[in-house]
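Worksheet: the structure to be examined is printed underneath.
Going by the order they are written in, the chains are A, B, C and D; count residues from 1 in each one.
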Amino acid sequence: MIWDHDDDKPREECGIVGVFNHPEASLLVALGLHALQHRGQEACGITTYDGEKFHNERHMGLVGESFGGDLTSRLPGSAAIGHNRYSTAGKPAMRNIQPIFADLANTGFALAHNGNLTNAVALRKELINKGAIFQSTMDTEVVLQLVARSGRRLMRERVMEALQAVEGGYAFVGLTNKKLIGARDPVGLRPLVLGKIGQGWVLASETCALDMIGAEFIREIENGEVVIISEDGVESYRAFPERPESPCLFEYVYFARPDSVVQGRSVYQVRRRMGHQLARENPADVDVIVPVPDSGVPAALGFSEQSGVPFQLGIIRSHYVGRTFIEPTQLGRQKSISKKHSPNRSVLEGKRVLLVDDSIVRGNTSKKIVQMVRDAGAKEVHLRSASPPIVNPDFYGIDMPTKGELLASNNSLEQMRNFLNVETLGFLSVDGLYASIGVKRDMSMPQFSDHCFTGCYPTRLVDQMQEEGGKDRQLSLLD
Amino acid sequence: MIWDHDDDKPREECGIVGVFNHPEASLLVALGLHALQHRGQEACGITTYDGEKFHNERHMGLVGESFGGDLTSRLPGSAAIGHNRYSTAGKPAMRNIQPIFADLANTGFALAHNGNLTNAVALRKELINKGAIFQSTMDTEVVLQLVARSGRRLMRERVMEALQAVEGGYAFVGLTNKKLIGARDPVGLRPLVLGKIGQGWVLASETCALDMIGAEFIREIENGEVVIISEDGVESYRAFPERPESPCLFEYVYFARPDSVVQGRSVYQVRRRMGHQLARENPADVDVIVPVPDSGVPAALGFSEQSGVPFQLGIIRSHYVGRTFIEPTQLGRQKSISKKHSPNRSVLEGKRVLLVDDSIVRGNTSKKIVQMVRDAGAKEVHLRSASPPIVNPDFYGIDMPTKGELLASNNSLEQMRNFLNVETLGFLSVDGLYASIGVKRDMSMPQFSDHCFTGCYPTRLVDQMQEEGGKDRQLSLLD
Amino acid sequence: MIWDHDDDKPREECGIVGVFNHPEASLLVALGLHALQHRGQEACGITTYDGEKFHNERHMGLVGESFGGDLTSRLPGSAAIGHNRYSTAGKPAMRNIQPIFADLANTGFALAHNGNLTNAVALRKELINKGAIFQSTMDTEVVLQLVARSGRRLMRERVMEALQAVEGGYAFVGLTNKKLIGARDPVGLRPLVLGKIGQGWVLASETCALDMIGAEFIREIENGEVVIISEDGVESYRAFPERPESPCLFEYVYFARPDSVVQGRSVYQVRRRMGHQLARENPADVDVIVPVPDSGVPAALGFSEQSGVPFQLGIIRSHYVGRTFIEPTQLGRQKSISKKHSPNRSVLEGKRVLLVDDSIVRGNTSKKIVQMVRDAGAKEVHLRSASPPIVNPDFYGIDMPTKGELLASNNSLEQMRNFLNVETLGFLSVDGLYASIGVKRDMSMPQFSDHCFTGCYPTRLVDQMQEEGGKDRQLSLLD
Amino acid sequence: MIWDHDDDKPREECGIVGVFNHPEASLLVALGLHALQHRGQEACGITTYDGEKFHNERHMGLVGESFGGDLTSRLPGSAAIGHNRYSTAGKPAMRNIQPIFADLANTGFALAHNGNLTNAVALRKELINKGAIFQSTMDTEVVLQLVARSGRRLMRERVMEALQAVEGGYAFVGLTNKKLIGARDPVGLRPLVLGKIGQGWVLASETCALDMIGAEFIREIENGEVVIISEDGVESYRAFPERPESPCLFEYVYFARPDSVVQGRSVYQVRRRMGHQLARENPADVDVIVPVPDSGVPAALGFSEQSGVPFQLGIIRSHYVGRTFIEPTQLGRQKSISKKHSPNRSVLEGKRVLLVDDSIVRGNTSKKIVQMVRDAGAKEVHLRSASPPIVNPDFYGIDMPTKGELLASNNSLEQMRNFLNVETLGFLSVDGLYASIGVKRDMSMPQFSDHCFTGCYPTRLVDQMQEEGGKDRQLSLLD
C-alpha cells in the first residue's frame, strides 16, 4: 500500500493487551501496547485493578510518550488491560479513548476492543429507548451496556449474552475485580492470542507483544471463544455454535507486524512468499526491485529472490512526520513533493524500476510515488501490489474508503495502469495470496475473510443496510 | 464567617443559569455565571442547542478565564444552560463538571444542578442494579438516569417522575432540543429566579445574574414548581402537593451576593439590619467597628449605624490569592501570618476593636485574625457573629464540616470566647435573624430552613442514615 | 479612579523585593511579592543564589499561582530578589519578565526594577553601537549592560557609574554572589524600604511586604542612595549630589496599599483625610455617599465622616474578572453592562447619590458607572475625585494615557461634568492633597513630584524629546 | 552503530537551512529542516525577515509538530534561516534553541550553526571581561558577540573577523535585513550546500533538503568560504588562506541521509561499497546477513551482494519510541528486552547469523542485540562494523562518549569479541573506508578528518587543553 496523507491507508481499530496475576501488570500492558503501536497511534489507555480500586489513565499520543515514569505506582495492581487507538478524521474526544468502564452492582467492569460491530447503531437506539445513557460514541459501549443490563448472575453469562446480541468482527479484553476476560467474534476476524509470563497470563492482539514482554506463546483464542482468566486458571467457553474460523486476510497483508506469528505462520515469511508468488504471476524485465517502505519490504525481498533482480532502497522513508505538518499543497506542487518518501536517485537514475507495495487503496499516493521515481530519472517504472485488487470496503474495524473511492473497484487494470502512469501494473491473485499463506483456496467454504477482494462478507451488515446508520446527533458533546 | 484556608468556609454547590430564545444564549449564560461566580470558583460549563446539535464546553477555573473570545460561534444556539462548581477537596475530575448530558430517544438532555440529594447513594445503587452505567460520581446524574429510564412520554412527566423519586434540596436547569426546564425542591431550599430579556427567558440562581445581563426580574420559581419554557412561553407544573416554602437561611447570611434580591428583600439591607439587631442584642464599649472583609462589611456597617461607633477598614483583604500558594506553615509561624488578611495598624493600634464577621464555623481562622489584630496593637478585641451559632451540619449542598468540627456545636459561649481569645463574643439570635429578615419566627412551622442553627431538617436524610453512604469504589476511574 | 477595561487605569511598574541572609529567602520574597501583587499582576520572577549557583524562575500570572509547592528546594539559597510586573498591552514575552541576569567576570548579577528611565532609548542605541547585545526590550537591561561594561572593579562603583548615566524614576534591587543591592533615583520618585527579619535584611517597595513576612521596618532608602547589603551589614553610598526628596504623589493617591506606611504616614489615614478635605472643598447635598470600590473606599469613608452623610456600599465589585473575558460589546450595549461593578439598587433607588473615586483618568469608566447608578434608580448622581485633575502624563513607570486622552487635560470642569453626566463634579485641589498628607505646599520647591497635576517634571525627558523614541525594529523576536 | 538508549549513539549538532528571495521562505526552511530531521530531533527554530521586521519561533520537538498551520503568515518574509537541534542530556532550556539573534546598529542579525568551536570557552571568558552579556550557554553565541563587537563596517568583514577568531568545525547560516550568509570552517568539517529554487537561493546541510523542496543543487560551499547572498546574487569570500578540504568521515559513515550526495558521491552507494569492502576484508561463513536497522541496511545489502549470502530482515525496528518511555530495567531484565529492536525469529532460528551495523561506540547496545538474536534461536552470531574502530572522541559537534567509554579505545579485538559475545567480530579498515569512498588514502596529508579512527585532529583544541573548560556557573538561570 502506498500513502502519503495519513488518510490514504487502511488502519485497524486497534491493539489490545490484558495481563492477569503479575506484580507489574500495568508495565507489561504498556510494553505490549508499545509492541502493538503499529495498530493505532492516536491514543492509548490502561485500566488496572489493585485488589481494592480500579485505576485508569487515558492519553492522546503514543504509548511511549504517555506511560513513562513510575507506572506501577500510578497504575498499581496485578491485573490490567490496555488499548491503542488508530487515528480517525476530525478532533478526537477524550471520552472515546478506551478502556471504557462501568460500575456494576458487585464489581467494576473495564472493556477494550479491537474491531467493529455491524449492528451497533441499531442496538444503541434500542438501548437508548430503554433508558441507557451512553458516555461515548464508540460501538464498544454497546457491549458494556448489554453486560450492565444483563439479568444473568455470572459475569461469563453476562458477557456471552452480550456477545450473542452483537454482530461483527471483534476481539475483546475485559477486566473485573476477579477476572480477566478475552473473546473473539464467531469467525475470528480480529486476532487475539494467549501467553504466559511466570505465574501470570497475557492476552494480546499479536505475538510480537508477547515477545516484547518476554511471555511464552500458549495458543490463539479460537473464533467464538470466551476465556475467563482467574485465580483458578484459564476457563474456556463458547458463546456460539461451532463453525470454521475465517480470519481477516489483511492481518497477513498489512496489519500484523512482520515478526508476529499468525495461525502458526511467520508473517514475514508469508509476505516474502507473497513476493515470490507475485514474481511468478507478474514478472517484469527490470534492473532493480525497489520496495515502497516500510510495509513493502518483505514482498520486495521475495520478488528479488524469485526474479534474481537486485533489491535496493530506492525510496527513503522519513519516520519523523508529525500530525500537523505543513500541507505540501502550499508549495504549489510544481514538483511531486512528499514528506514521507524521498527518492534515492543513485538507485533510480537511468534504471528500469519495479516498485513493490503491500496494497493499493485509493491510488493517489502510489501515483505520486511513481511520479517521484520518474522525476528522479527512472527510465521505466513498473508497479506490483502484494495484495489482490481491493474492490470492497471492510466493516470490521479497518478504516477504509467507501467503495466509490477504491481504485480497483472502479477501474480496469488498464485504466489503473494509465492513472498510476506505470509501464506495467500487476496484483497478486486471490488464489496466489492463499497459496502464499500455504492454504489451497476452497471457494465453497472460504478459509479466510476475503470480502475486500471478493465481496463475501462473513456476517450480517445490519447498520450498513440502513441509510441513517451512524449518524449521531450530539457528537460535539463532552469534548 | 472567618477563614484563611479555602476549606474553612461554607460553600454551596453551585450557580446555575439557563437562557431560552436569545441569539446570544451562550454569552448571556457566561455573563450570568460570571455574576454568580461567588457561588463556585472551581469549574464551569455551558451547553447550548443550535437547532441541530448540542454543543458543550467544560473547564476548570473561572468563567472569565474559560469563556472568552468568540463565544457565540464556539457555542452557538439560542438556548443554553450553564453551571459554576465550587471547590471541593482533592483533585477534581473533568467528568464531574456540569452540565451533564444524555442522549435520549428523541432528544439530547442536558442538566445542571445546585444543591444536594439526600437519597442519591441509595438511588444510585438501585439504578446500577437495574443496569444503569454512571458517567460521574455526581448526585446530579441520578436525576439524569431517572429521566432517561422513565417510561413516560412527555419530558415534563419524565422530569416530574424523577423529582418525585429524589429527596433533598436543589434547583435544576435542564435543556432539550425544544425546551428549557427549571425546577426547585419541595421546600425551596435552593434558589431559582425567572427573568426576561427581549423575547427570551432566563433562569438563574440569583437576581444579580439577571442584572448583569440586563434581564428583567419576573418572579422566583416556587418551591416544588417545574417550569417548562418553550416557544409557547412558560408553563408551570407542580411535582408535589403544595406546602409552605422554607428556603435556606444561609442565602441571607452568606451565599447570596449583597446586590441580589431574595423573596423581595435586598440581601444587603437584610445584612445591614442583622448588624443593627446584633448591636442591640450584643452591644460593646469599643472605639472602632472593623469588618472581616468582604462578607462582614454590611453587618459591620449596620452595627456602626446602630451603635454610633465609627466603622473603619482595620483589615485589608488581598484578592490575589491563588489556589496553590505557599503554605505559610513553612515560615514557622513565629507570627500570625495570613495570605488573605492584613492588619491596618493605623486603625487598630491602641484601640478597643470590635470585629464583625458573617459567621463562625470551625473558628480557626477567626482565632488567627483576632491574634493578628492583637499583634497590630489593639488594646481589646471583641468579636460578633452576624449569624447564630452553627451547631448542625447541612446536607443540601453546603460544604460544611462535620458536627464534631463545628465550634459552636461542642463548646459553651465562654469556651468559645476563651478559644478565640476575645474580650467579649456575641452571636445574633435565631429570633433576631428572623426579625432582621422581617419575619416573626413561628416555632411550630418554621418559615425558613434553619437546621444549621436548630437541627430541624426539612427533608428525610436517607443516605446519612446509612453508614456506608457515599463510599465509591471506583472514584479514581476516568480522571 | 474609575475603570472597567484593564487599560483604563494607571498602573505602575512594578513591585520589587530582596532578601539577604535568611534560610528561606525565596519564600520570603514570594510572600513579599504576594503582598505587593496590587503593583503588578501580569508576571513575576524570583532569582536566588545558594552559595554556588544562581537559580531563577519566571512565570506569567500571579505570585500565588506561580510559586507554590516546595519553593525553597526549587529556589534554594539565603539571598534572593523578586519582581512583579504589571499588565501591558499586547502579548508579553517571557524574555521581558524580571529579574534579568548577566554573567559578569567574577559573579552573576541579577536585577529587578520598578520605574522608568527617560533616556533608555538613547542609551540603548549608544550601547548597541558599541557592540552590546540586548536580550529584552526592557529599559532595565540598559542598567545591566552599563554595569557589565563598567571598567570599575568594585560592584558598588559599577552600579553607581551606571546610575549616573541614566535618567528617570526608579527603585532597583540587585543580587550578586556576595551582595544584595538597593537603589533609588535622585529624587526618590519610586519607593523602597529596608526591613530586618532575624539576622536577615529585606528590601521592598512597600511596608506591607515587610508586614506580610513579619519583618521589622527599619527605614526608607533615601533618594539617590545606594545600599550594599553583605555579611558586613548595610553600607550606604550616594551616587548623586544631595538634594531634597520629591516622591511621586500617586503612591498616596492610588498605588500604595492602604495598610502601607509611606514617609511615616499611614496611607489609609492620608486617603481618609483626602476624603475630609474633599468634603470641605466640594460639599454636596445628597442622601448617601457611595465609594467606587475598592480604591475609593477610604476617601468615601472620610467624606462621610466629614459631611455626616451615611456611607453605603451602593456598588458591588466582582473580584473574579479574568484576563480574556467576553467583550460586553458583543451584547450590543442596550444597557450599561460592567463585568466588574454592579449596582446595589436598594442603596441607590430614589436617592441623591455622591460617588467618590480615587481619580479620573480617561473618564470612560466613570461615565459608565454614573450611567449604571442612574439606571439603578438614583435621583441625582454627584461625583468627587479624591485626586486633583490629571492633566499631564507620567514618564516614570506609571502606565497612563497620552495627554490627548486625559479627560482633565482637554476639558473644562463644566465640559467634564457634561461628559460624565453628573449633577455636580468636584476634584480635590493640589493644595488640599498636600494638606491631607500633612505638608504645606511650597510652590518654589515642590516637596512631591506632582507633574501629573502641575506639569513640573523632576528629571530630563531625553527619549520623549525625540519622536522616534521607543520604536523597536525587532520586537517580535524571541517570543 | 547499535543503540537502544538514546545516549548510546553519536549525534551531531545539527541541521541548518537558509532561503533567500522566495515568497514562502519559512515554508521552504521548515520542509528543509524536516528533511534534515535525522540530524537533530530535540528542538527547532526558524527566523524570517519580511522587509520590515524579524520574526522568530522556537520549539521543543520535531519540525513536523512545530511548524504546521499557516506558516507563511506566522513567519512572513522572503528570507529565512532555520535550525534543528539534537537531543542533549538534561533538561534543555528554550534559550538554547537556535537561531539566536542580536540587534545590531543598522540591522538585526540571526545566526544558526552546526558544529562545535574548540576555543569557545576561552573566547567567552574574554568577551565577558570586556562587558559582553551572554543570553545562552551555546558556543554559537560567541560568534554572535564577536560580530556585534567588530569595529568593521561591512557585514562580511564583521563575519570574517569573527570567524578568524574561532577554532573548530562548523557550518553557519546567518540572516540580516539584506543578506543571507553561509560559511564553513577552514577544513570543511561540517557540510553546507548551495541550491537554487526559482529566483531564490537555498543553503542546507545536505542535498536531501534541496530535494525535499524541489531546489536544484548548485555546489558545495567550500572549506573556509563565506558566501554573501543578496539581491546582487551570490558573492564568495575567503576568510582563511587556502588549504585542502578535510571533511568529517562520519557524514559518510552515519550522519548523512542515504539519499544525500556528499562531494559528488551518493551516500547510499558509498555505504553499499563499505559493505562490499567489509565482506572482502572480513568474510564469514554464515546463512543469513541481517542489518541492524535502519542505519546498517545499505552496508548489509552490500555485504550480501559481495558474499552471496541472503539478506533478510532479522531485526524489526519500532519507530514509535517516545522520549520518556518506561525503563525496561523495571522488568528485572530476565530476558533481553529492547523497546526499539525486536527479533524476527523466523529468520534467525537455527541459523548462523551475521549482523551488520554502521559503527560500534560503547558497545552496550550491540551486546544486547547480540543476546536478543541468540535468545531468538540463532546458532551462531557474527558481527561486522561498517566503520573502523572508534578510538578517539570528536570535538567538532558530534556528541560522543569520552575516550574511556569508547569500546575500541580500551580493548583488543579479542576482548571486544568476548564482551560482545560473538563468534567473530570484524571492522572495516581505515584504508578500506577511504577505498569505499573512492579515495586512495594519503597518510601524509589526510583527505578526510579521520581523528576518531586515527587521533589526527585537524584543528587546535584550546578548551580541551584546559581542565576547567566547559564548566558554567549559572547554567540553571533563565530556564
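Methods note: a residue touches a chain if its C-beta (ideal position, glycine included) is under 8 Å from a C-beta of that chain, and two chains touch if they have at least 3 such contacts.
Keep in mind it's a predicted model, so treat the numbers as computed, not measured.
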Set of chains whose contacts include both chain D and chain B: A, C
CA centroid of chain A to CA centroid of chain B, Å: 51
Where chain A and chain C are represented by their mean Cα positions, the distance between them in whole Å: 62
Chain A-chain D separation of Cα centroids, rounded to whole Å: 36
Contacts with two or more other chains, residues of chain C listed in rising order: none
Contacting chain pairs - touch in the sense defined above: A-B, A-D, B-C, C-D
Chain B partner contacts - residues on chain C that touch it in the complex: 24, 27-28, 30-31, 34-35, 37-38, 41, 61-69, 71-72, 208, 211-214, 257-259, 261, 266, 268-269, 297-298, 301, 305, 310-313, 316, 318-326, 328, 330-331, 334-335, 337, 339, 342-347
Of all residues in chain D, those that touch chain C in their complex: 47, 52-58, 94, 101-105, 108, 125, 128-135, 144-145, 148-150, 473-479
